[in-house]
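You will see two complexes here that share chain A, one where it goes with chain B and one where it goes with chain C.
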Partner chain A sequence: MNDTAGPRRRVDVGRVAHRVAVALLVVYLVVPFLWMVVYSVYPSENLRSSPMSFAPTDLTLAKYGELFGDSGFVRSMTNSVVVGVATTVICMLLGSLAAYSISRFRFRGSQTLLLAMMTVQAIPAIVLAVPLFVLMRDFGLYDSLTGLVLTYAAFILPLVIWMMVSFFDSIPVNLERAARIDGCSHLGVLRRVVIPLSGPGFAATAIFAFITAWSDFFLAKILTGPNAETLPVRTAAFQGLFATDYTAAATAGVITALPVLALALVAQRWIVQGITEGAVKG
Partner chain B sequence: MLGRTTLSAVERKDRRFAIFAATPAGLTIAALFLYPLVYAFVLSLYELNDKRPEATRVVGLANYVRLLGDDAFLASLARTGVFCLFTVFGGVAFAVGMGVLLNQRFRGRAVARVLLLVPWAVPPVVNGIMWKLIFDGTYGVANSILMTLGIVDRPVQWLAVPDLTLGVLIFAEVWKLTPFLALMTIASLQSIPANIYRAASIDGAGSWQRFWRMTLPNLRGTIMFLLIVQSMWSIKVFDSIYVLTGGSGGPAGATTTVNFLAYLTTFSYLDRGYGASMSIAIMVIVILVAAFWVLLLGRRDKETRR
Partner chain C sequence: MTSADITFDNVSKRYGAKDTEPAVKALSYTIEGGHFVSLLGPSGCGKSTTLNMIAGLEGVTEGSISIGGRPVQDVEPHKRDLAFVFQDYALYPHLDVYDNIAFGLRMRKMDRAELDQRVRDAAERLEITSQLGKRPRALSGGQRQRVALARAIARRPAVLLFDEPLSNLDALLRDRTREELKVLHAEVGATTVYVTHDQEEAMSLSDEIAVMSKGRLEQFGTPGEIYERPATEFVASFVGKPQMNLQTVTTTGGGLRIADGWEITHPHTLGEGRTVRLGLRPSECSVRRASDGGGLGRVRVTEPLGSHTDIALDTAVGAFRVRVPGFTDLRAGDPVDVTVDGATRHLFDAETGARLPDPVAVGV
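So, the complex of A and B:
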């Protein structure tokens, strides 16, 4: 935590050990995923031969082409994008309204409500699986994108509200008072003052919501069939093909992971800031 | 506009807005979270097996009594205990280690920290696929490496031997979940004022001593938070078990944790009522575990402050 303290010695064993440990850690964090990428661009035969053969001339994107040409797989991709975006928009819209209300008006029961938001995080999805399935079936929403989006919204909203309340709490109310006196409505204040001021927190929360919706497997597996199936459900099915087609499984894995991975890395500054300001208190 | 209205009118308006603003989110959560929760509880009071729908009847708390004498359930609880022992204690210790490691000054620190987001962003299903590729018994690279190094002379059947499969599962979960906890650790480490370390090292405290006497006590609140979060994640683990074991929780049930058993009971054995009671039991366990950490570490916190 602090080789700022104390003078540097000539050959600092601790320093060398530290750098080695960091290098190992970086390899540990990154290589498993990169390995899957490597698998996705070589024919299965290369990976089954012993020793494995990684001749650059064998490099191929054939499996990507194959999957992008598979209408079922492409539909699951579109589904994932639609569900991810729609869930995020709904969560941020309803979530920031509710969070603003809890943060600013402190109505009776608002603290209990906030506590409840945290408690629902403890509820495993399996508890709700059958009831949700029955509910969706009765409303004709089984295997529909609408049903999935609504379900995700309900699961992700508590976390969104929890995070947004902590960001809103850190914004001084004086600015809002000024805007109110200038004739701004509550909604106007929220839209023009509060949300812009909580920018990084807002962005981080939206990314959390998107990644959670995109990555879910369990609920999607239970609430969808061939029509509204999402990428994780489709990709999970590839594990059955392991004996025959490594490359397809690896390729589906890369396609499922890449969008959220890219999003996380592009938005890393907001995410890290969001964690620092919001998530950990104490 | 504000000048002419009375205060109470403004307050009333505020209240109306507050209720209006919280309603849509509240309704969504109530309809798709609270209602199903109540439904699940009611379901747990029924004997309802889709294989024998004609035998459906209300049995009250009998399903919960059945849980206590169900060897499969108790075995899955023990398995979950082992899994949690490694992923929670091992995982949080590892996360704090990573956090401390990446909190020191060195070139490339920012990049190393960002890379902690890689496992976090990889969807759990993909995480399962990834480790299944690596630990495949016939063609996996784990075996290639071990054989090249001469540690084993035959391929190890990682995903066919019960204990090894559980080991792979633990390894996969720790890889995915702990780096994010490390990020939280770093966030909290940065709030420890640097000058207390400076003072300590002037007083002759070694780095080991500084870690035990200053860093850890300052991290107590964060560690409690990490233990709670990781316990919840560990008890609820599902996706990677599904992918690693082809949806079976095998071999020989070795990776059937309580959560997975509840899934199998509900969706494979179609024993919906009993499955519901099992899920509710898991929920209670999760809440008890979280409360346990809060009481344990929360109380000690007060003692040290006194």
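So, the complex of A and C:
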């Protein structure tokens, strides 16, 4: 276009650069994942031959079938689901009640408490690994789902409280006062007004809690043996000392990643909705 | 609908420890059943705190509040038989208009037929029947206000509480809603307590006004009493537009000396040489052009408002306001004389601000 003015063109250049940067970032993040998907659905010979063969006729879900038939793998999957769900339920139950009282009731030291919880988050898990291991072993919780759930809850709860406090803070206090005059008890206000209104925030936080517990490798590796092994630990085990079953590792990786991917997509929608609802409050 | 008296007996509210300054100090007065009473005062004067204490949203530190003869300090908000209209309306965003109005009725386990009847009655009265299926988000400010009112009256409470309900509306809508509120109150007959910082709103709506300042009740009386016989200098300065002229003056034998060469007659009984505060309503004063170089002051600015014109003067005692009917041909800088012959002299103690006793006949 001839009539495009100089400054406008510069803006366009900036925009193009921005898009290129975003595209590169997406490629950087997505390609390894796609490569893993490709690895899981082609026989390894196809990928080791030169040139690689991607014939559609060679596509196979054999490895998926094999893994779902493997009782050890299925057990690690069940473990992950149990640990993820249990951690989420505990964190949301305790976390939302704690967050509500911090957000709504005046008491001495509430802000200090909130800060203290964040400070704990600043300690890296690796520092705590050995003491945690000793603790769990002494309490007889090593290699147990209970031990793992308790550990995750301790790590995730502060984050859940922080997120829920900010969601509760965005709900106008007068709504709760109106509900109290309309006839709700404190708990009734929570059930009929606060929770329905913090729905998107509640869902987003729950999904965050689940994803964090589901995808943890480090703590699970340290605190579990063959009994309470979770999916990430099991997946890593396909990398052997002398041989690595790449197809199995890739397949397990895809299986581990899919729920996270699905939940992240849902959470993104919830979070966006949560933000816009806060913007037009009342 | 029933109505109930509301009685304050030495009510105080403190937010901090015992030695902190209370937000509300020793209130004692009675709001008669069915009356419309405004709590008027500047922000931070304790009027909203008082309203919240009636509602039970905040506790009472000392004293007691009774509604319909029953002390309510230990009664939950929803058992006090009252409804509350909030400044930001506080409509439940996740419920449609119908459910917003029905919420309080459902909580009281009302049967469905009666509930439906009540919701539709309230909606009809406030002309929002066509909005019943909408969420609050889809409504304009004025409509939200009506939903909030409908929610309050659907419950048919003995007491209606309003916390600055008109302050979020634009000027035109505010005037209209004010009128409707008055009609609504006459229809439903509930005892109404209305918090506002707008003295015009308070004057036009109320049977009685409680003027508050710094947590204290300054005066409780009808709009006429408040305007014509303000009990304190604060009330005198807060009520009335434009603001009353308040000057420090000295008593003389038969009157008051405002400044050198500016004395007015007033048959007071205060003795000579006493310093007091004098209040004069701008609308009761008048001005006339003085000869060049003479006069008590000069015109600083004129504000023609149609039915009348407000004139601000610079005088020996500082700013002085006069309101004259119609328009004026005075211009900024013109020298003028001020006449206060017909004006009521409101006298206040210079220290305490309390109204000083009026002479038997107000002098001219």
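The definition used in the following text is that the second predicted complex is superposed on the first by the 233 of 282 C-alpha atoms of A that agree within 3 Å, B and C clash if a C-alpha of one lies under 4 Å from a C-alpha of the other, contacts with A are read in each partner's own complex, and residues count from 1 in each chain.
The criterion applied here is as follows: contacts are C-beta pairs under 8 Å (C-beta built on N, C-alpha and C of every residue); 3 or more make two chains touch, one makes a residue touch a chain.
These numbers were taken from a predicted model, which means no experiment stands behind them.
Enquirer: Considering only the touch criterion stated at the top, classify A:Gly69 as touching first (chain B), second (chain C), both, or neither.
Expert: So A:Gly69 meets neither chain B nor chain C here.
Enquirer: After the superposition on A, what does A:Leu150 contact: first (chain B), second (chain C), both or neither?
Expert: First partner only.
Enquirer: Examine A:Leu261 and indicate which partner it touches, taking first as chain B and second as chain C; both and neither are also allowed.
Expert: first
Enquirer: Could you say whether A:Gly183 touches chain B, chain C, both of them, or neither, answering first, second, both or neither?
Expert: Both chain B and chain C are touched by A:Gly183.
Enquirer: With both structures fitted on chain A, tell me whether chain B or chain C touches more of chain A's residues.
Expert: B
Enquirer: One more residue to check, A:Pro56. First (chain B), second (chain C), both or neither?
Expert: neither
Enquirer: Based on the A-chain superposition described above, do chain B and chain C contact any of the same residues on chain A, and if so which?
Expert: 180-181, 183, 280-282
Enquirer: Which residues, counting only chain C, touch chain A once they are in their complex?
Expert: The contact residues of chain C facing chain A are 55-57, 76-78, 82-84, 86-94, 103-104, 107-108, 136-137, 144, 155.
Enquirer: Considering only the defined contacts, which chain A positions touch chain C in the complex?
Expert: By the definition above, chain A touches chain C via 172, 174-175, 177-185, 188, 193, 196-197, 199, 277, 280-282.
Enquirer: Flag every residue of chain A that touches chain B in the complex, lowest number first.
Expert: Of all residues in chain A, those touching chain B are 1-6, 14, 18-19, 21-22, 25-26, 28-30, 32-33, 35-36, 39, 47-48, 50-52, 94-95, 97-98, 100-102, 104-105, 107, 113, 119-132, 134-135, 150-151, 153-155, 157-158, 161, 180-181, 183, 186, 211, 214-215, 217-218, 222, 232, 235-236, 238-240, 242, 246, 249-250, 252-254, 256-257, 260-261, 263-265, 268, 271-272, 275-276, 279-282.
Enquirer: Report the residues of chain B in contact with chain A in the complex, numbered from low to high.
Expert: 1-2, 14-15, 17-19, 21-22, 24-26, 28-29, 31-33, 35-37, 39-40, 43, 98, 100-106, 108, 112-126, 128-134, 136, 138-139, 141, 144, 175, 179, 183-184, 187-190, 192, 194, 197-198, 201, 207, 210-211, 215, 221-222, 224-225, 232, 235-236, 238-239, 242-244, 246, 259, 262-263, 266-267, 272, 275-276, 279-280, 282-283, 286-287, 290
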